[in-house]
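Each of the next two complexes has chain A plus one more chain, namely chain B in the first and chain C in the second.
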Partner chain A sequence: MRTYDVRAWVVWLITGALLAIFTRNPFYLVILLTISRIVMAACASPEATKWRLPFWRLAGVILLFSTLFNWLIAHLGQSVILTLPANWPLVGGPLTLEAAAYGFLSGLSLVVLLAIFMTFNAVVPVHQLTRLVPGALHEMGIVMLVAVTYVPETTRQFQRIREAQAIRGHRLRTLRDWRPIVIPLLISGLERAMNLAETMVARGYGSTVQVRLSNKTRLLLVAGSLLFLVGSLRVAWQATDGWVMLFMGAVSIGLVYRFSSRENARTNYRPLTWSWADSIVILFAIGTLVLLIGSVTVIERSVLAYSPYPRLLLPAFEWWVGMSLLGLLMPALLVLVP
Partner chain B sequence: MISIQHLTYTYPRRSKPALINVSWRVSDGEFVLLAGPSGSGKSTLLRCLNGLAPHFSGGTLAGEVVVCGHDVVQDGPQKLSQHVGFVGQDPESQAILDIVENEIAFGLENKAVPTTEMRLRVEEVLDLLDLSPLRSRSIVSLSGGECQRVAIAAALVQKPSVLVLDEPTSQLDPQSAEDVLRSLVRLNEDLGLTIIMAEHRLERIIRSVDRITYLEGGRVTVDAPVKEALQSIAVVPPLIQLARELDWRPLPLTVREAKRFITSDERRIAETTQSSMVSQLVKHSGSSLLEVNDLSFSYNGHHTLKKVNLDVKSGEAVALIGRNGAGKSTLLKCIVGLLAVRSGSVSINGRQTTGREVADICHEVGYLPQYPDDLLFAETVREEFETTLRNHRRHGVVGFEDLIHRLGLDTVSERYPRDLSVGQRQRVAIGAISVTRPRVLLLDEPTRGLDMQAKGNLVSLLRKWMDEGIGLLFVTHDVELVAMLARRTYVMSQGEIIAAGDTHEVLGSTPQFAPQITRLFPESGWLTVTEALTDLNLNRPTQPDKRMV
Partner chain C sequence: MMSGKKTGLQPVLTMMLFALSAMIGVVALAYPFFSPAISPSDATIDSFSSATETPLLAVLLICLSLAVLLVELQGQSAGAKTVAALGVLVAVTTTLRFIEVAIPGPGGFSPIFVPIILSGYVFGPRFGFLMGAMTLLISAIITAGVGPWLPYQMFTAGWMGLTSGWLPHLRQARLELGLLLLFGFGWGLLYGAIMNLYSWPYLAGPTNMTWTPGTGLSGAIARYATFYLATSLIWDLAAAVGNMVLLLILGIPTIRALNRFRDRLQFQTIYHANV
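What follows is the complex of A and B.
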């Protein structure tokens, strides 16, 4: 089975998320949703798909709330369904079909965003994500990884303790009743943390490689931060030199990143390898993004936007937009190529 | 390899040292078993070998510990991690990362070992511990034994010359424990790795080790080759106990070795006598306290329990045995209502439990879960008991002084429960679930993690309760416990009861579950040392008892 580099997935995620945020046209949203589900089905490892949020149930709740909320609160639009007494706070006034439709579309956009993140979550193992963390911040990556193994264990423990307390006649009613559950959970959590720390020490954690910044890097860090601070102040005062300072600050912080990563070399058990398929995934994702969002500057309107106001009309569907969205389907298509 | 001179170690804020004047040597390639009751200093001694004590735990250390030419106190655990691999007790809390391979590579990545070398070393330990089929699995999905093998692999990948294990099998079922031990024996024999291991359950390990070091109260009391050491240790496995009583020398360590010592007289007695103990155990046969009829339970579409029938009578102990995942614990949870049954019924004291709340059911049934620590949260032992009574809204009842006494907790009743020893904590938990005086007790793996002493205390406590008419149903992997306690035994497999009946018949006819004594005298129907000795002495016609001389 083909797997992609985590960096390719990050580009895919950013593209998908940006499109989901900017799109209100229901046709395109549905296409995006379908694509993300197909990619998940095609690329997720069977083990990762075992543990999932109940997506459709969650989507239903989001759509329902978003629609109801907008329908009751926004009193815009021409197709009035019913009118509530005007003196009712917030909900009083005409309730329109357009408001409901707008709420539904906003909800749909959220659902698509959720679907894209869930796909990313299912196809990229967490330990791969930490590879993106530069060497100097290695510890932070480890903390994240440890947390990932720690959380499911804690939920299991919570379940066990609840059962253990229930059999001695414990019932959860008031806040005070949480004490018999929280205390064992806390204590066993601490015990587990101590065990883990002991294991890490016994396996030589923190022994040979030490995170250390050279003086040069430190100076750069200070200078970069100062430039950034002064630059943003200057920009706030509308001075053009502020932009130059901001840029220089960004460059020096980038250099700090680079130096510190080089000074704190780590090795990886499985180094990331880049394949042609990763390049194609990235190219198509960026292509889609440029085509759909960049087109705003050329045709001076967003092809993705759609507004039901003032009167609900069927949204337009342009074939080339639909086709370009398929660029995000690349990861699933390449799986078919041997 | 290891040389310890006059080691005395005291934990921070403790007045009594955990280790007192220990001098000990281990030479290259030895497999040493560290035995002794819990709290005797086994874990502490192991932690002194790689510098976790005093570097990680604090405290004061006097004397000298030298491992592989390194002074442990000076060099500390990080440096020693290259020489001493350490594996702890609880398989689950040792996993740092999520995937098997990454977990093993963790230490090497941290040391910035070059990728090519790292691949080679990981590959090597995956083979050594038979882990390559599991390499890309997530740790959460592994069984306890597999987890423990991953932990050993993660220690071995650093290429240590000593492997130190702190009760690595105490949380495992027999099959997983066997797998772990087999791996260790192979490492010792094939690679000449020095292994030092602390363990309670001696029966499986004694045939593989070279030497036993026995600790008591922080001092080394016995330190000798296996056979010699077993002569002087107080609590030993049944086979050794019998061999000592019958004066078999040199001590046999396996059933096969022991069979050579059986005289024709003894064989004749074993074949002809009907065990006198059978009738003794059957003396109580009261009314039925717990009845389970055609109980089924399914989880995620899997039939975890299929039409289970079971009953427990007043004054008897019933054992439930079977492989891991056979549905034993699930059955207990269904009985107390923690899991909703699909069909069938449970009745306690003649009343159906359908539709009743867990709290209400547990008023009449005491259920001890697998991890008794989950119950403990109060400031004092006494308060734990009061809490249960309060939960059941029985403020007025002040009858638990007697219970505290009978559980042997008088001296610690005002102490913080979590500071007590494993055995004491378990008794507090038993007290907390039985303070409403239920007539039925359900115990899930009651001997897990207990040393021989604590196990003995538990057995005598339970026997006393049975005499008073309490019915007992317990789930266990410990066949010796079954032999000592249970009148009837049920065997479960894949959610079904596959065998049920008198313990002597059930254990006698299934070699997998047979206790050592039964394996030694297959025709006899004996399960325990006491049974065997009673019959042998009663029926021995000639010469006076050897032991009297």
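What follows is the complex of A and C.
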């Protein structure tokens, strides 16, 4: 069973999510949906019996809701299906086929986004996710590890407390009966946290490196946030210098992370290994992204776009776009290679 | 633990970061309403770009603001005890959510918000923010619910914990409980409304909000109000009332249990390097 590096999966996820947001063309959306389901089926480890979202039910609800909502609210387009009295608030007016189609496509775009994230959830093991935490947030990474490790233990503790209370004749009937279960769970958990903290200190946690921001880096954070705030407002008012400010703000916040990560450099007991398959996955994902997003910004804005307004027509299907979307299928294809 | 030199500048900078982060959050959430307010007719020309740029930019803003607050607050709360307590409290809360997933409650009710509110209330705003953000992150990872909505959830729940740390500690138990009940109810509604604003640009799209010339901001707000009433008001009311019920049943004993641990959590040995 081939597994991929978590960093390769993140690039795959970002590419898929960006494409799902950028396109409203139903052909491309359906291709993306199919790809994400195939990759999930091929790459999800069979022993992962994680609780999963009921995908198709959720997708059905989203599609139904967004179609109905837009059909009733947006009175645009030329193919009128029926007309409601104009004096009805918001829904009054002509209800069109185009509005329903637009609502359906918006919903489909959301469903594809959901499918891509679900695939990511299914194929990346939890302990690998903590590797994505930057060095500056090292302590949050430890909190994450502690929490993930203690969830099964807390579930067992919950069962034990329930059984112990049941022996004393306790039964869960009303909401009030949760008190004798939740409070002992909380106290025993905190008691265990104290033990854990002492164990950590005994093994030298926090004795050498302390993550602490100096006021100089904090000033940089303030400057970055300020640039971000002003920049986002400038962008809203359609000023191009807003983008420059956003970029500078992101750079200064990135610098804070970089400084802080360098000060708190740590070594890993089990370093991640990078294989040739990871390189191929990442190259194909980036290739797809550059090809499609690049063509949207450089060649033609409407390559990925499709709007049913003002009259519903069959959307265009470009073969090269469909083919380049297949770059995201790489993780599933490489599984076949021994 | 070495006691760091405390200059007068640091609290001021921290408050500035809080304020800036809150403002960035508000801007990100209000983005869908901005374009109709500013240029009601422009969207028809370039509806494609604004349809895709709006949600992307909003997610970017929320992520950056979250990154700023996390690195700032984590840097202040060093120490093995905080890390361990935070981790275990997040695990307990996530387990409660798991039990909740198995037994679905009414509407948007979820038991994870009450622990966030109470630990923020007892351990202070810093702990509250980290608790809120990390609880949502971990429960998303455990229930395989990582999605584009996650930064919004972390940001909003973090602020829920942060603001509960600012609540005054009243001496009368009944008044204290009343205040917390009100707080839980308000945040139950607010959380729902904020999470709605996240999905709003996807489902409705700017075309809907701006196509009719002249409607502008009031039109956009009217449509959001319909969207909210149609989809989420009942759901959010269930969340808000659920928070109140849980606080009523578990609030006071939980505060008592957390208080007992607060002194132990903050107890630290101070070394003097040159003694």
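One rule holds for everything that comes next: the second predicted complex is superposed on the first by the 206 of 338 C-alpha atoms of A that agree within 3 Å, B and C clash if a C-alpha of one lies under 4 Å from a C-alpha of the other, contacts with A are read in each partner's own complex, and residues count from 1 in each chain.
Keep this in mind: contacts are C-beta pairs under 8 Å (C-beta built on N, C-alpha and C of every residue); 3 or more make two chains touch, one makes a residue touch a chain.
From a predicted model like this one, the values you see are computed outputs, not experimental measurements.
Student: A:E163 contacts which: chain B (first), chain C (second), both, neither?
Tutor: A:E163 contacts chain B only, not chain C.
Student: Between chain B (first) and chain C (second), which, if any, makes contact with A:L175: first, second, both or neither?
Tutor: Once the two structures are laid over each other on A, A:L175 reaches chain C alone.
Student: Touch check for A:L82: first (chain B), second (chain C), both, or neither?
Tutor: Touch partners of A:L82: none, neither chain B nor chain C.
Student: Once the shared chain is lined up, is A:L145 touching chain B (first), chain C (second), both, or neither of them?
Tutor: Both chain B and chain C are touched by A:L145.
Student: In the overlaid three-chain picture, which partner chain does A:A74 touch, first (chain B) or second (chain C), both, or neither?
Tutor: Touch status of A:A74: second partner only.
Student: Return first, second, both or neither, reflecting whether A:V126 touches chain B, chain C, both chains, or no partner chain.
Tutor: both
Student: On the A-aligned overlay, A:V201 touches which partner chain: chain B = first, chain C = second, or both, or neither?
Tutor: both
Student: Where does A:L314 make contact in the superposed view: on chain B (first), on chain C (second), on both, or on neither?
Tutor: Once the two structures are laid over each other on A, A:L314 reaches no partner at all.
Student: Should A:L336 be classified as contacting the first partner (chain B), the second (chain C), both, or neither?
Tutor: It touches nothing on chain B or chain C.
Student: Of the two partners chain B and chain C, which one touches more residues belonging to chain A?
Tutor: C
Student: Using the superposition on A, tell me which residues of chain A are in contact with chain B and, in the other complex, with chain C.
Tutor: 126, 145-146, 148-149, 153, 179, 183, 187, 192, 196-198, 200-201, 205-206
Student: Show me the residue ranges of chain A that touch chain C in the complex, using the header's touch definition.
Tutor: So the residues of chain A in touch with chain C come to 17-18, 21-22, 24, 50-53, 65-66, 69-70, 73-76, 90, 102-103, 106-107, 109-110, 113-114, 117-118, 120-122, 126, 129, 136-137, 139-140, 142-151, 153-155, 158, 175-176, 178-179, 182-183, 185-187, 189-190, 192-194, 196-198, 200-201, 205-206, 210-213, 215, 218-219, 221-222, 224-226, 228-229, 232-233, 235-238, 246, 249-250, 253, 256-257, 260, 301-302, 305, 307, 309.
Student: Which stretch or stretches of chain C touch chain A in the complex?
Tutor: 2, 4, 7, 9-10, 13-14, 16-17, 20-21, 23-24, 27-28, 31, 34-35, 38-39, 42, 47-49, 51-52, 55-57, 60-61, 64-65, 67-68, 70-72, 74-75, 77-81, 83-92, 94-96, 98-99, 101, 130, 134, 137-138, 141-148, 199, 202-205, 207-208, 211-212, 222-223, 226-227, 230-231, 245-246, 249-250, 253-254, 257-258, 261, 264
Student: Please name which positions on chain B make contact with chain A in the complex.
Tutor: Per the stated touch rule, the residues are 50, 52, 55-56, 77-79, 81-82, 84-86, 88, 90, 92-99, 101-102, 105-115, 118-119, 122, 137-141, 151, 154-155, 158, 333, 336, 338, 358-359, 362-363, 367, 369, 371, 373-377, 387-388, 391-392, 418, 432-433, 436.
Student: Any idea which chain A residues touch chain B in the complex?
Tutor: Spelled out, the residues of chain A in touch with chain B are 47, 125-127, 145-146, 148-149, 152-153, 157, 160-161, 163-171, 179-180, 183-184, 187-188, 191-192, 195-209, 265-271.
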